[in-house]
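In the two complexes that follow, chain A is the common piece, with chain B as its partner first and chain C second.
What follows is the complex of A and B.
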């Protein structure tokens, strides 16, 4: 009897453990193994050295991290503001929620193409600016020569596309904060900004953790938006992995890229957990 | 200076008038209790004073200042919430200091006021802990300390004791009363617990369906409720109500209770003369009924005991009297049991008379008072 009871939790965990082992742990181990072999299949650091020696290596890593560093704070601020507005439960709130969440339903590539149609030389932005008389001729926004312009455009598109996933996590988090905390803060003299800083943000920590980790990992994997908007004008890390696998036909270096992205994601996750600890004594 | 004046407050939620044209003045330093069943509008009224509800009509004046349009933080009130709303991510010290920090109180003053508030509530040993590390009762003390550290002119309390267990509630009730006496804030205290209201309030406003039914000091409300609802709501057990008819007994007025007997109404109830032949409702408190020996006496009510509940300090009898039941409190250890006949003599001068149609107390002519 006792024995069977001790077995029960393990049996319950088994299906998901199997799933993770087959579909995540195994490919991950294989990918690391690939990265640590040369193309002939013997163990060596050749693939990693090839990746590091690639002239595009620095550009891809810095473009990806630059995008991440720019887009995450913008998304965090926007998502928080949107979540607070929605949590006010004003009239028409659910309509706002749907509007905000709509980009979630659009594929990354489609979203990228939509933004291309906005920023292209004969696109929406130029048309509007011209018809308003602000511009005489269309500006070439997406030129390969202007790196920072491309970065800016991708940041805007990514902010539009992927802010709502953060927002939805934060809305859920906000709704779990009882109103009386905010009311108490209000009665005791806290302004809106003080309420955000002293009550909402600290109590939202668990949700902030999740939202940040999720978004940072996805930002490290940024791909389709960048490809659609920048083409060859700018290269990101996933692009490099793809190029090495498809164009150069070297799975080992592609695996090295994948491994690098994993290591960066892992580091970022640990960093976020360390920066935003949720201490046991602070819990409800 | 910090009198609270509420003028014709109206607050509607969808189709429900939660607060329906309520006016109330709480004097400087007074302890006012808003008492009523859930949904009577007492909490909404309190929240209107705090500014946590936008009222649809009326004015809130605190200390001569019209604060109707001001946000909560500009009203200079302190509030203790039902759930305490003690911030889980701040230490006890920071919780108590919260309001002082918001109003940028200078550091040494802040520390002194936090410490003295904590001492008043006997939680000075907990200042470094977090709320999750202290008991529910201590969290409640933190919430009160946070309020009194503000040295507020106006203190609002929303059922502060309702989440405590019975023993702790009894203890905190007395302690809060002592504390509030000491600091002398004008206090508005919401509760649905009539014992709390009776024991703590200088005055009680009994509310129902968004209106104040009766406003007065606890004893007056207890002894002379304005209607059947108030009499039934205040007191444990609730006031008994018996249907009766006013008769001219030849030797004076009598109130006849069907199948039970009739009471001689002399002195204080003589003003019922105008009601001869009419039905009335007689209200009587359980402790205002004496159990007497049956000597074939006149002016008593005869019934049969249904239940005897020995409660230590007294015995509580449930008696069937004609068609009615009533509760009678007697000295403990009474030698009566269920099914025994019993003879009751209510103290006539303590009776309350109501109109059976409206359930409102009959107006006693001023000359007879």
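What follows is the complex of A and C.
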């Protein structure tokens, strides 16, 4: 009898463990194996060396990491502000929630195309700025010659597109903070900023951890918005993986790129876990 | 009812499989006596094949059995197997230059020099069909290519004395400068985005026009000179070009006033507002008016059972009237120099005029699509895209960048053993990349 009870949790975990093993662990292992073979199929570092020697290697890694470093803090601040607004349960909160969550329903590529129609030279942004008399002539936002402009517009598009996923996680976290803590802080005269820093942020740590890990991994995979808005003006890591797989037809180097992205993702995850440790009693 | 159709459909499918198997092995007779069997990788989609059978071959006096083959090795393998068997069923082949050149190199095609006299095919394209020999191994059939399109109101800024049908690339630079002086905007445009075909611009237009070749001049002095020209010209090119895939869109929005692209990627601009746009031949460089025709050709395999019937089909397909029907029905451009008669929309007509002027220009220099690169075609294109990224986007020194990329390019030739293709002179072994700029 006791034996069977001990088996139950394992049986419950089994389907998802099988799913992960078949659809995640196996392809991941295969991908690493591909990356460590040459195109003839024998073990070698040739594919990794080809990746490192690619003239686009430095461009792709630096653009991806630059985007990550710029977009994550902006998204974190925005998501936190949005979550606090939602959590205030003001009149029309559910309308705000729908508006904020809208980008979640739009695919990355569709978002890229929407932002192209905004930022292109004869697009919405220039039209509005010109009709308001702010600009005489349209600015070329998507210029291949202006790296930081391209980075800037991708950050804007990514902030719009992917902040809501963080917000949803933070709203859930905020709602699990008992009102008594905030009321107590208010009674003792804490300002809004003090309540955020001393009460909300520490209590929110488990949600922040999840939101950051999820968002950093997605940022390392940035693809469609970058391709749509920057074209060949800059290149990102996932685009290199795709180019090597599709255009150059070398799956080994493509797998090396995928492996590199995985290693960076894992490192970032460990870094976030280390920077934002969650006490055992805070785990939900 | 649908369920009762099942067995019949299967029977038809089986019959087709048997028929194709028969043609592959050179076994049982496929067509009735007097019917010319034509195997084609072109016009293979069913809708196009039907137009080929009903409209394009409709006016032919004899009977043609038009059999389609998927792109890949079916056409080449069929001809090889028939040659091994010593006799075949297929009398006429329709394929791309690359496919026919493979068969020609193996000595599996008949010399068609005697047919040429009856036709008025563009001499430059006929030359391609000789595959570097003194025999006419295939006859060009139809083509697609790349042309220029400009907004009509940009024409007033053409350099003094420039003829829109006989421009040079240097005049394009000047035109771009004039446009910028007049409007304050950089109005030249290239499809240099992720989906763009800018690599074809280098392989079939800029390199041959400036150097007379492609790979044999990749990094030599004339190759470097081409990139210096592009670098100078790029100051008049819309910097958003790095995001453009199909040039018809920035032309229509007004972001660009003068653009180069594939005919299929410009046609919407010309169709949407034919009064606002003009199509014209590509400009020339010091070595000629280079352009990359995407050429489909007709060839007769050495084992053809009915070569005379096949030659009659060739004469029919290259008749200016049939070429007009082909353009109208399936949007492939003619290869003949005489004017074709067909009722066309204004956009197609504009492109047709530009393509005709381009192939019949006195200094026309056709440059081929890459041949013999097998699965390295993408890697080959990537070398040219890398050069663009490093020289134009990053501002690198052309000589240094090209010298850095030359070993990668040579590696592709060494790995595939691909010899040089026109307009590079033929090579015995793998093509040797030109360096020393």
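Annotations
We adopt the following convention: the second predicted complex is superposed on the first by the 280 of 284 C-alpha atoms of A that agree within 3 Å, B and C clash if a C-alpha of one lies under 4 Å from a C-alpha of the other, contacts with A are read in each partner's own complex, and residues count from 1 in each chain.
Just so we're on the same page, a residue touches a chain if its C-beta (ideal position, glycine included) is under 8 Å from a C-beta of that chain, and two chains touch if they have at least 3 such contacts.
In this text the structure is predicted, and so the values were computed from the model without any measurement.
Shared-chain residue A:180: touches chain B; no touch with chain C.
By the touch criterion defined above, A:206 lies against neither chain B nor chain C after alignment on the C-alpha atoms of chain A.
When the shared chain is aligned, chain C comes close enough to touch A:121, but chain B does not. Residue contacts after overlaying the shared chain place A:146 against chain C, while chain B stays out of touching range. Touch criterion met: A:247 reaches chain C, while chain B stays clear of it.
Once the two structures are overlaid, the count of chain A residues touched is higher for C than for its counterpart among chain B and chain C. By the touch criterion stated above, A:191 is placed in contact with chain B alone, chain C being left untouched.
In the superposition on chain A, contact is made by A:232 with chain C only, not with chain B.
For the contact definition in use here, the chain B contact set and the chain C contact set of chain A share no residue.
Chain contact summary for the complex, chain C toward chain A: residues 184-185, 192-194, 196, 238-244, 253-255, 375-376, 378-379, 381-382, 385-386, 388-390, 392-394, 404-405. Taken together, the chain B residues at the contact with chain A in this complex read 50-52, 71-73, 75, 77-79, 81-83, 85, 87-90, 98-99, 102-103, 129-130, 132-133, 146, 150.
Interface residues of chain A, counted against chain B in their complex, comprise 178, 180-181, 183-191, 194, 198-199, 202-203, 205, 280-284. On chain A, the positions that touch chain C within their shared complex are 55-56, 59, 116, 120-122, 137, 140, 142-146, 227-233, 235, 239, 243, 246-250.
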